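Letters A, B, C and D mark the chains as written, and numbering starts fresh at 1 in each.
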Amino acid sequence: MSISGSTSGTNSGNPAGNDPAPRLDRAAVAKRAARDLVDGSTVNLGIGIPALCADFLPDGVELLYHAENGILGFKELSAPGEGDPNLMDAGGKFPKLVPGMAFFDSVESFNLIRGGHIDVTVLGALQVSRTGDLANWIIPKRGIGSIGGAMDLAANAKRVVIAMEHTARGDMPKIVEECTFPLTAPGCVDEIITDIAVIKIDRASGRMILRETAPGWSFDDVQALTEATLVVDGEIVVMS
Amino acid sequence: MPINKISDSFADAVADIPSGASIMIGGFGGAGGQPTRLMMALRDLGVGDLTIIGNVAGISKTTGYGWPDHLDPIDQGMFFESGQATKITCSFPVPGTTNPLSEIERAWREGRAEVDIVPQGTLIERIRSAGAGVPAFYTPTGVGTPVAEGKEHRDFDGRTYLLETALSADYALIRAQKADTRGNLQYTGTSRAFNPAMATAAKVTIVEVDEIVEVGGIDPERVETLSTYVNRIVQREAGDPLP
Amino acid sequence: MPINKISDSFADAVADIPSGASIMIGGFGGAGGQPTRLMMALRDLGVGDLTIIGNVAGISKTTGYGWPDHLDPIDQGMFFESGQATKITCSFPVPGTTNPLSEIERAWREGRAEVDIVPQGTLIERIRSAGAGVPAFYTPTGVGTPVAEGKEHRDFDGRTYLLETALSADYALIRAQKADTRGNLQYTGTSRAFNPAMATAAKVTIVEVDEIVEVGGIDPERVETLSTYVNRIVQREAGDPLP
Amino acid sequence: MSISGSTSGTNSGNPAGNDPAPRLDRAAVAKRAARDLVDGSTVNLGIGIPALCADFLPDGVELLYHAENGILGFKELSAPGEGDPNLMDAGGKFPKLVPGMAFFDSVESFNLIRGGHIDVTVLGALQVSRTGDLANWIIPKRGIGSIGGAMDLAANAKRVVIAMEHTARGDMPKIVEECTFPLTAPGCVDEIITDIAVIKIDRASGRMILRETAPGWSFDDVQALTEATLVVDGEIVVMS
């Protein structure tokens, strides 16, 4: 859990009106991120766009959702007003009791994370650097922030995927050469999925490879909203 | 005859907590697993200069985090609103930007409180270590971040780790669903969270439960906190409307 | 559809274990909690140069330790009798002086096996640390003893501690009573012992169970090993006379 | 659990026949050790004489017995042939299921020990030094030994009591100035209860204080079988 869900939600789109085509909505970003989740994986989804991934799993894919507060194997939320305070997820919501769930304490929950047993975590971000540094827990001018499980997840999950809007308020780039915000973890991000692009980070070579663009967006269009230098390595396909 | 661990009231259970004490408060954040009645008793006791150790702390009142919609949330912010607490160590004291300031953030901004923000996995492992006789351990979490400042770095097998130290407290206020008269505890669902580890890491552990049963009333497979760790037990009133 | 973790036979479940592998063997010592059928399958597989990681190891056959009187004890000594194992890390490999030599002690005396004796609390914490992503920790146990030789000493708050490092393995052979098809495990009584921690600390965890149930067949409060840690499950034959 | 129970059991008494009076039997030593155990304590008893303490608790004293293999609150053993392999103690015996028991894994079991939550452990010994060093896990000439939980218990229990025969085979002293056997833990022993004496170790001053002697045994009689120098500090009473 990190605060990035709520903070990246403050992006107000494209006030200047010079986008070549519409950006994807949050659901579409989540849907694209969900497509890469592998059946049977143990997965931790951050709040915001990442949490929406659960609504868009491909047919036949079943994931084992983990939340930091000590639950594995939850699915949908209870109806409003029907939740049990003793059956909570890490976002403070109340899932339903379903077969196969497991409850445990916070020691065990972070053994699972720190021990590298989480296959994938999908998180939000304030900034991601070209080499995969992630900043998603504090806005410097606020002076105080919340870490929660974000540092443990970012540093230790087998795969770290960022699902977010491509830019912050006023089209300020969030994908940067070097993060100026305090880090959550250095060199941890494997892939970024945004409302205009899918970018793979090749940490070994320090390259950001543009893999996909939203319909109507070119390499140059995406690069214009990205401070970090993007490269092409193989075909660029249209996001779907 | 073993010592009687049962306190007659929440006020009695916390009565000896002095000003200046360090207090662990169990649960994860939200209503489930939070020792709400013990917290209210500590607030009513009025002692000051407290150091609080929590997890997701003080954000429920302004965000509703982890509380049913029909109830007014109660959270660790109460000790900062009352001016009793001057420090908190926790992982998540700040709500999102769209919410009003929490009591903890307000106290921090006004210079009334020190806020020590620790990665959640490091926080629980530090507490667990205090109970388990491990004075320090290495973790990969926090390397390359502000959390690493001033800490020893060390490489094992080519990866860099931070040295983190055990975190204990004078008192732990925790919440369980069931206790036997000996002090064995059983939890329900996700209410375990920080409670079992905190029970092991404080000089005095005080437990708020829904029900106290005779010895033998808890399945031996379901004793999630051993009686050895428990000093005092208080049972809630039947039908208490708070979770 | 999640991966099928169920193996058809004990032989199948261990078939890919190569010579030279390191193998954790669960339980405490004695019949309860020991993955006896998996051990027999590994012996029958015949691979060699194995490193075994156990706890009370190889003393049941000569002392009856932890076995019902009417059964012939089976223990980790089998891998030393067969010549498959060349090393063991454990806490208790030597029976009292009034007992015949164990297979492990005999192999050690004959120079066929290296025996690394670790304090039990340090052993379980090293295994737990490997699963929990902690590369090293400090413990007071062993200071001033032969166990401390060559290890880093460090003082915290005026007491001296040893640095101990995480201990992982290629395979863990463990024993539980119940598994669901997803791989969640439930144990009975004192059979937990080293099993839950070993499940987290090996590259491949293989579980011997009495019963495999559908998902939902284990109480969510009684999942003592999470399915994430489990790679293969084998069910014993109904009425197996071994504990 | 340490091997000392079985090894100290090899003492064959007093072959030279020059004892001033009979030595106490094993049961009497256990009974004397049991008298100091405080109601409600969490206690771990080693095998041998220590395990016998459970049979001699004073009226009204109820202890919470811990065994390293993950059990708290056990009492008597099952009848021969009736034990359950999944309900074992650390000595490999099978206790009965009784109300209030708790089962847990070895991680938790040693958190309890290492964390200093065991009020008292009663152990056997091969040697104890004047300053409270304990050796009870390996006989040097054998070259190999078993540690089990002995080092964790000796180093971390709040109180360490040794219950043993005063001398080894041939009246070789076991209570010595300096241990010659490899240590289990240095400076850990609080009290020694033997078949001829009760000795308190004042670790702060490095003194061994003789508190009690078996009926018919004088200070000098006990000192003659003790390599370490004993001192008197207060009255010496007769063991009972």
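As a working rule, a residue touches a chain if its C-beta (ideal position, glycine included) is under 8 Å from a C-beta of that chain, and two chains touch if they have at least 3 such contacts.
These figures come from a predicted structure and were not determined experimentally.
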>> Between C-D and B-D, which chain pair is linked by the larger number of C-beta contacts?
In response: C-D
> Which whole number of Å gives the spacing of the CA centres of chain A and chain B?
Replying inline: 29
>> Using mean CA coordinates as chain centres, what's the gap between chain A and chain C in Å?
In response: 38
> Residues of chain C that touch two or more other chains: which are they?
Replying inline: 125, 128, 132-134, 139-140, 188-189, 220-221
> Where in chain D do residues touch two or more other chains at once?
Replying inline: 103-104, 110, 113-114, 156
> Does the chain-touch network form a line, ring, star, complete graph or other?
Replying inline: other
>> So which chains actually touch one another? I want all the pairs, not just one.
In response: A-B, A-C, B-C, B-D, C-D
> Mind pulling up the chain C residues that touch chain D in the complex?
Replying inline: 28-33, 55-56, 59-60, 63-70, 91-99, 105, 108-109, 115, 117-122, 124-125, 128, 139-147, 177, 187-197, 224, 243
> Which part of chain C faces chain A closely enough to touch in the complex?
Replying inline: 1-3, 128, 130-134, 180, 182, 184, 200, 214-216, 220-221, 223, 226-229
> If you look only at chain D, which of its residues touch chain C in the complex?
Replying inline: 1, 3, 5-7, 9-10, 67-71, 80-81, 83-90, 92, 94, 103-107, 109-110, 113-114, 133, 139, 142-152, 155-156, 182-187
> chain B touches which residues of chain C in the complex?
Replying inline: 125, 129, 132-140, 154, 156-157, 159, 161, 165, 188-189, 220-222
> Which residues of chain A touch chain C in the complex?
Replying inline: 39-40, 42, 60, 62, 64, 66, 72-73, 97, 99-104, 108, 110-117, 156
